[in-house]
Structure formats: C-alpha cells, structure tokens
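Notes follow the structure.
As written, the chains take the letters A, B, C and D, and residue 1 is the first residue of each chain.
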Amino acid sequence: MSKFSFSRLNSTKDTGFGDNFSGRFINKDGYPNIKKKGINILNRYSWYHTMLNLKRWQFIGLLIGSYIVVNFIFALIYYSIGIEHLTGIDKSNFQNEFTDVFFFSSQTFTTVGYGRIAPVGFLASLVATFEAFLGLLAFAIATGLFYGRFSRPRAFLQFSDVALISPHKDKTGLMFRMAPFKNTSLTDASITVLTSFEVTENGQTKSSFYNLKLEVTKITSLILNWTIVHYIDEESPFYGLNADDLKNTDIEIIVHVKAFDSIFSSDVVQRTSYTSDEIIYGAKFEKMYAPDETNRFTVLNLDLINSNFPAPLPNIS
Amino acid sequence: MSKFSFSRLNSTKDTGFGDNFSGRFINKDGYPNIKKKGINILNRYSWYHTMLNLKRWQFIGLLIGSYIVVNFIFALIYYSIGIEHLTGIDKSNFQNEFTDVFFFSSQTFTTVGYGRIAPVGFLASLVATFEAFLGLLAFAIATGLFYGRFSRPRAFLQFSDVALISPHKDKTGLMFRMAPFKNTSLTDASITVLTSFEVTENGQTKSSFYNLKLEVTKITSLILNWTIVHYIDEESPFYGLNADDLKNTDIEIIVHVKAFDSIFSSDVVQRTSYTSDEIIYGAKFEKMYAPDETNRFTVLNLDLINSNFPAPLPNIS
Amino acid sequence: MSKFSFSRLNSTKDTGFGDNFSGRFINKDGYPNIKKKGINILNRYSWYHTMLNLKRWQFIGLLIGSYIVVNFIFALIYYSIGIEHLTGIDKSNFQNEFTDVFFFSSQTFTTVGYGRIAPVGFLASLVATFEAFLGLLAFAIATGLFYGRFSRPRAFLQFSDVALISPHKDKTGLMFRMAPFKNTSLTDASITVLTSFEVTENGQTKSSFYNLKLEVTKITSLILNWTIVHYIDEESPFYGLNADDLKNTDIEIIVHVKAFDSIFSSDVVQRTSYTSDEIIYGAKFEKMYAPDETNRFTVLNLDLINSNFPAPLPNIS
Amino acid sequence: MSKFSFSRLNSTKDTGFGDNFSGRFINKDGYPNIKKKGINILNRYSWYHTMLNLKRWQFIGLLIGSYIVVNFIFALIYYSIGIEHLTGIDKSNFQNEFTDVFFFSSQTFTTVGYGRIAPVGFLASLVATFEAFLGLLAFAIATGLFYGRFSRPRAFLQFSDVALISPHKDKTGLMFRMAPFKNTSLTDASITVLTSFEVTENGQTKSSFYNLKLEVTKITSLILNWTIVHYIDEESPFYGLNADDLKNTDIEIIVHVKAFDSIFSSDVVQRTSYTSDEIIYGAKFEKMYAPDETNRFTVLNLDLINSNFPAPLPNIS
C-alpha cells in the first residue's frame, strides 16, 4: 500500500519471519502472533512453559481446583470400598459419612493424618498409601512450579505505549522509551530494532524488513528510563514519510531488549512492537526523572512513561 | 568408497570426532553414537543426567517401584523386630498382620502418621524415626528431580526426517528444515552444519569433515519453520555428486542448532544428523505456514514438516 | 565546580545515567542510588528480588512472624466456628481452650497432625483441610526461597574502602583493589571503570562520564587480590588534578566487575563506587599475600585489604 | 634455577597469580593452592559452596548427625519441661521415658506425628510447634541442597595423570589428554593452557607465565578423548629443554577447559595442572578408542587414559 520505493535500502533476510505473514508479527506483550496446528495437541504444548505463563490467580486457582477434584475422586474411591474400612467415621447419615470420608482423603493427601479417621484392612490402606504418595509428589511438583515461577528471570521493563516522531537535536528522530519498573538491577542492556514495511510490488503484497540504526544500542546500567532514538535520515526506511503516509502504510517496529540481571545472574530478554497506529507524528516525550527535594536521590516517575507533548515537524509533502 | 577427490577443499580438524569412528557419528536424537568402557560403571554414569533423560513413564515407574520396595523392606524389618512393638496391629492372622505392618511403614515413610498403628519401645521407634527421615529426604530428592526434569531447558525443535537436494533460485541446494513445535519463545537462533565423507585413499578408509556454507546461519526469531539451505556450488563437498553417488557414499550431515529460550532465559541446543539414505535427490519442501481465514494470524502446520514433492534437477553424469 | 576543561577528552554517552542525576550514582553496596514512584507500589517491587535481598535475620524473622500470624488467624477461625467441633480440647478455662485451638492450628499447618485434637464436622474439617493445604504451599514457597537465596550467584568480592593515587612504575596511578573473601572459584574476571565529573559550563552543572583506561582489564583467575591500576597520563580525566582539586571536585568512580564462578557455573557481577572523599592522594597499598612458613602455600590476608602507607607524589600546582 | 633465558618470549601479565606465589598454583583437582586468613572465619566461607563441595558420604553424614543432635536437644527440652505434659509416655523407668521423649521429638521434627505421644499444655505444645516448623524448614533447606548438589553443572572430565613430550608429525609436541567419563553431552569445548616457569634473575626467584600455543583450541563435540598438542618450536618456552632441564626447572602447566553441557544447558569449567615431575620426556599416548566388533559403534576405553609407551626424541644437548 506504500507509495515508497525502498530500493535504496538493503532489507534483511535473517528475521525468521516469513514474507507473507498475516497480521502483526509480534504482539504488544512480546509473544509472536502465531498459531500452530498439526501433531498431537499434547505434544504441542510444554506444560511447564504453560504453567510459567499462567497469571497468578490462574495458577493458584488451578492448584486449589486440582486439590478439590483429587480429594473428591479419592473420597469416592474410599466410599465405594466401604466406610467400614475406615475407623472413626460418623455414620449418623450419608452427609456426615461423606464429609468424614472426604476430609479423611484430604488429611491423607496433605499427610496431616490426624488419625481420628484411619484406614483398616488391605484395600483402604492401599488407596491411602497411594494417596499420601501422590500427595507428596504433587507438592514436590508444586514446589518446583512455585520456584520456577518466581525465579524465572524476567526483565520487568515497561515500554511506552507509543512511539513518537520528534524533532531531536536539529534532526528528526523516531523514539520510544522503556523503564525498569521493579527493584531489579539491570546492567549491560542492548537493543535491536527491526521494522517491517508491507510493500506492494507488481501487484503482490510482501513484507520487507529493515534493521533500524540507533543512536545508542548498548548502555552499561539500565536504572533510569532509556529513550531509544533512530534518526530519520536518508538511510532510514522512514525517510520521506509524512503523517498520512504513516497511517496508510502497514508498518511494525519490532523491539528486542536484552540485559543482564545481576540478582538473577542471568540474561533477560523482553520484546514488544509498535504498529502504524501506535506511532505519533510530531510529539516529544516529557522528562521522567528529577532530583528529589533533598537533592540526594534521583526519582524516576513511572507514571510519566507515556507523557508527551506536541512538537511540530517540518512539513514533508 | 567415493570416486571423488576432495583435494580442492579444506577439511576441518576441530570436530572432536576421530577419523576412524565406526557407524553413525550422531544419532537421529542428537546423542553421539558412542559407548564407553573402563573405570567403574557407577563412575561412568551421572545419575542425575540419567534421571533427566528417562522417559516420563520410566521416571514415574521408578518412583513408584522404589516406594513399594522401600516400604516392603521396612515392613520386613518391623516384622522381624516383632509386631508387639507396634500398637493397634490386627493380629487375627499373618496376612492381616503383615498388611498392617506394611501400611504402617508407608504411613511412616510418607509422614502421614495416622497413629492407629504406632511404634512402642526403642527399636521399633528407632527404625520408624529413621524411615520418616529417609522418607523426607527421598521426597526432597524427588522434588529436585521433578524440578530438574521439567525446568530442563530444551529446544523442542522438530527436524524434517529427510534432507532434500532441490532446485532453488536457479541453483541447486541441499535443504532440511526445523520448526519449534511447542509454546516456547526462541530468539537468536544459530546453526552450524558439518558433513562427514568416508573416503578411501591408498586403500585406507577415513572420514573427512567439511563445514557446510549456509545461506543464512542466524535468525533473530525462531517462531516459524526455518529452512536451512546449502548451495551446492564448486566450494561444496556435494558438488558433482549425482543420485547414485549419494546412495553409494557414506555421508553424514551433522546439525547443531543453538537458540535463546526467553522463558527459560537460557541457551538451548539441539542436534540431529542425516545419513546418505535420509537424503532425497530432486525434491522440494511444501510451504508449512499460511494466513488463517481471518487474515489476522499465521498458522504453522507441523504435520507438513516432511511434505515434499519431486522437483527434477539437471543431470550430472 | 571544577576549574578543569575536559574538552580534550571524549566523554561517553552510553552509561544509562542521566546527566542531571542527584547525589551518588551507585551506592557503596553496588545498588543504584535511585527511587521510583508512580504505578501501584505492589507492581513496583518484585517480591522475589525483595526476598533475595533481605538480610538473613530479616528473612528468618519474616518466616517465624508469618507462621505465628497465620496460626493465630486460623486459631481465631476455629474458635469462632466453635470448639465443640474439635475433639480432645481441654475446656477447663478459656486460656486452655485457646492454647489447644492455637496449637491444633499449628499442628495442622505443619501437617504434624498428632490427632489428640482433630476436627469433627464439615466446617472445622474444611478449614483444617484448607490450612493443611496452605501450609504445604507455604513450605513449598519457603523451600524455593531458601534455595533461591543460597544458590543465588554472588561474587563475594571485598573492595578496598578507598582508592589511592600512588606513584607506580615511574608514573602516577589511581588504584583500588579487591579480593574474593570466600571459598569461591572465580575465573575470567573482567572490569570496567567509569568516572563521572560534575562540571559547570556556562553556569549549568552537569555530569560528564569517562571510561578509565586500565593497565589490565581481564585476568584468568581471580584467586588473590586484584589491584586495578589506571595511569594518570594526558589521556586521563584525572590529569593535572592535585589533592585539593580532588577534594573540591564532585567525582565518582563507578566499578563494575564480572567473573565466572565455576561452582555456580554462572557469571557473577559486583559493583561499587568511590566518591571524592574516598580517594587518598599520595599513598600506596601494602602487599596482602605472602608465602606461609612451609613455603608450600600462599596466604592471602584479608584484613590488609585497606592497608596503605603514605607515598609522596610530585607536586602539581 | 633455569639456565634458560626467556627474553625472546612475551610473558603474560593477566594471570591473576602473583609473581611470588609459593608452591603449586593450581592443585591437581583444579582448586587454587591458596589459604586465606583475616576477617571472621564465618564470613570467609560460603556455607553453600562448602555444602556443594562436600563428598557424598560427608554430606549424608552431616544430615544424619544433625538430625540426631537436633532430636536430642529437643528431647532434653521436653524432658526438662516435664514428661507430664506429654500424653502416652511409658513412665516405667527413666530409659523408657527418655526413649519416648526422644522419639516424640523425632516424630514432631519429621511431622510424622503418630499421636500416640502428643503434647498437652502451653509450653510443651509451643516447643513442639516450633520443632515442627524447624523440621519443615530444615527439610526445605535439605531439598535445596540436594538439588543444588546434583544439579550443579560439572564437566566430568578425566585428565591424563601425566603430560608427555612426544615426537608428533615430524615435530616435538607437549601433550596431555582428557575424556568425558560420564553420560554427559559436551559441545563447543575450548581450552587455554598457561605455563609458569620459576626463573632466577639477578639472584631473585620469580615466576613468569606464558600462554602455550595449541594445535587445536576448540572442538565442536567433546565425546571422545581430546588430545591437546603444543608444538615445541622456537616460539615455545619449552624450546631447547631436555629431560634433565625439565626435572630441574620448576614448571607448572595450568589447564582450563570450558564446554557447553547441553543437558544442563550451561557452561561447565574444569581445571587441572601438571608440574615438572608429572611430565614424561619421550613417550607417546596409546589410542583410547576403537570400533566395536559389530562395526556400528565406537568404544572409548577410559582405562587407557594414561597408557603411553616410550618414543625417543632427538637429543638436545
């Protein structure tokens, strides 16, 4: 859909994105916009990756739900074996019976084992033995999952929702910014920015990819906000595009940040992307940090990450 | 067995494979085709590596089996100490006695400890104390093994079963492909491909190794399939080989892929290999991905990983 | 406040520190001297990073405190449900009742479950079931936190409290030193040193950053002390500064060390900084290591890390 | 003590070893030959590194020993509180009393809690509550230590006990070799070799360090044995040394190997060293691997790692 020729630029071939990809390449949250089919669905998912990506309430909910279901199933098994094989059951009515059987099951699964209710005879004992074993393995797995979830190295970077095209040091720059929003300690941060343009040549629509040249690609400490600047000069694929062109061209800016978290002692990676409608033409970011009153600290205000004000650019016809 | 002279090419010496290796170098699953002997067999195995490489059902089976065996051994110990040192045993017959002793053992090992049966006196108490301790350590180890198994960084790449020799962009290319088949997130993937040719010189059979020059050796995102292309030109060891030569020469293509998994925040590595009989002469891969109906996603069909169709090549005499 | 012009030097732009930062950039303990505000405070902290950074007594105190609070809350719940739903309670007076209820709660939370006191009926059993489950998850999390805390790769480097400006090999050098103070095994250590100078130009106070050129920036084994030497020659930002200038200029030396710990098999990073008042003009470090009496070992005396003696420098007017 | 002048060679300064080190630099097991003193001894040890370096039997012994000691201490506490605060104690004589108290303690610490003996009253309950809590934390720590111990990435390389000076491809080479002796999967192995010579100049004995130039410094797969070859030519510090010189000179060859373990997905490092008396002049290694009978596998015989036979070298006067 673009009126522009990029023949002056070398596109890059090593993106790993196909040239007839549909829709966004990378979603706002950094995950690729792709679906898979074929092979068995169970083989298509790494359950561990899935568990790590669940939201906290989903994970907790899953644990509690599984606990209830497993207890219920074992309660049914004990009940069908016969409550006479459990000592101490209150047999006054069915409801009391099942309550006691159900909670006997949970007391076994958690290995709390008060003993007010206890199994007698081979079958009930066998099931209880297996349930206690299963309970311990389940909590072993839960231990691993908890650790996996909270020790998972993540960058905890907040990106600005929009990218701006701003006047900057007598030039025009494409900018966006990020800030570490948690009490992490990131060093040796580096960034690569890839842009895709959907161009129509000979009636065929294809995506071309260009690596954007940046003012600074590495910083030694990522502790304040980091504003990424790409100068729009003749070597830029954005050269000559005005506000309307931007809206009418199918553009995606794909951002890939890598840093070393010195608490995790591990590299962390975060990705995001900006599409045409997330680029503001003619605006500048407000400063996000300032000395505090005592002049002994610097304060980074994370609420300002998106704050920008209009800043007119020279007209491009 | 080859009629070819590779004197025009520089073989590589730094493969780590010996030059009179027998059989395949790398198995299809990526593990080297080697056996070790000498030193004590217990020192020759890392039990942790072994536990990580067990199949899931083998691992679960091993846990359950050990649980039964340990309980049985402790039951024998309690029985030989004398059942009079356990309270609450049903002494009506031997079978009931042993049932109670066995399940007392399991209730101790899992620390469920209902207390219907409990040890009395020094010896039985001592064994029970030791069993409970052992049980906790066993589940501590199981916890570690579960975590080690499911947090183990793996690439989860599916390789095509075959490599193809195909016409490609007016040239001839050796190709194979791979696709990430799980919900992983791989970035910065790189590949090296080594080929071994068994050549007979002066009546002696030796393997020579050549690094294959590839069209693209690094991609920034490995989210779709990745087709690896080696052009068969004058600098290629495959130059001049026809279909029959391929079948009659002892060739192995050794593939080594490395990528960064941004969920594990770790490098992952996967290897595979193709031997002469896994190379198809004159065929092309079908496309594996396509836009979905809504045109908002791209769908990767993993079932097509091996799909190829005949594509004739110019004759080589 | 400096009388010096640094126009002969290239300052570095890729530090990640803003140019109107207030106070120290990096604190003595290596953490950046920054505060954050904005967004929800809960989102601003990674609770895992926080747990890893707690001092040992704080962490233990938090565990014990949580244990008491949780037991107390559950005791209140059981009490409000009614003590008639717990068997074996000593009902002689309120204090005994609450003692039994409180310890029943703790016996449930730890899954010790003696059974002298046990829940009867639906509601008490339900709460007990939930408490045992919560207890197991809490200890699962504690397990992960313990492991996370003690397996966290750290460099365990002790830096000298001061940096010295010393005569060294006929030149003048800025020096500080570090030593690994624990039984770690560090290899492939590298260092980068950045210096900030607060300079006033045209009435505006700004920080400029300069990378310091070092005599040695990498060593293969970090087992003894490592003395870092920056020669103060014409290319040094310290060139021409005398003792008074040092005191009156706002300088910060920011140190960043990276090494490979071969026991953790992980890179470890440590940072520190020296401000103007932590630089001694005209002093030399004493040697920290010596052969032991048997001449078969080398002994590193960590108490000498700061030992230095006066060493006059040529006068700079 | 050497008659040789090394003035033709550039020694290396970035070893991290001091120049008046006493005795061996690196012990045979790869740990530096150094002792530390000063600062508090508790601060001088990382207890986690210590736990990871304990031999298996030491670690198990420590666990069992701690378990007994802790139980004994708590038994004393319960006994001093008074056995009337524990139900179910056999009060027939002191020995039975203490037995019951001791095992009550262990049943609490392991949370097995049969309940035959249970605490009554505030003080005994409080101690039991604390012991169960401590028990769970202890096993949480044990879980972490077990995992830390067996998941610790190690190279599992066996080095030859000796280095040889051998005739090799018409030249003279210094050689030693290594082999991975467990079922690991090492790729991308690299090696650096440093040599120290103790030379006496102007009556002062000092160590000089030289990096040895190697035939191959990187291999892609470390699955067979790897023989490291340094050619002794004019650029070698060994040039011109004969068998007697070797014995009479204080030489140490310091070896540092790094590889990627694709099961741990982690870099692993191993070091060793050879001193003058571990170098054999005029010998060659026997081959360690051979095809098996079926000709489908290669068999690596680890028992041959040190096998060598005499191989005379041209005389050096």
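Annotations for the structure displayed:
Following the convention adopted for this analysis, a residue touches a chain if its C-beta (ideal position, glycine included) is under 8 Å from a C-beta of that chain, and two chains touch if they have at least 3 such contacts.
All of these numbers come straight from a predicted model, not from anything done at the bench.
At the interface between chain C and chain D, two copies of one sequence, fewer than half of the residue numbers in use appear on both sides, so the contact is built from largely different positions.
Chain centre most remote from that of chain D: A (centre = mean of CA atoms).
Centres computed as Cα averages put chain B at a distance of 39 Å from chain C. A separation of 28 Å divides the Cα centre of chain A from that of chain B.
Counting partners per residue, chain A has 111-115, 143, 147, 266 as the residues that reach two or more other chains. Interface of chain D with chain B (complex): residues 63-64, 67, 71, 90, 99-100, 102-103, 106-107, 110-116, 139, 142-143, 146-147, 150-151, 156, 158, 181-185, 187, 189, 216, 218-224, 226, 260, 262-263, 265-266, 289, 291-292, 295-305. Those residues of chain D lying in contact with chain A across their complex are 111, 113-115, 143. Listing the residues of chain C that touch chain A in their complex gives 13-18, 20-24, 26, 30-39, 43-50, 52-53, 87, 108, 111-115, 118-122, 125-126, 128-129, 132-133, 135-137, 140-141, 143-144, 147-148, 152-154, 192, 194, 256, 264, 266-271.
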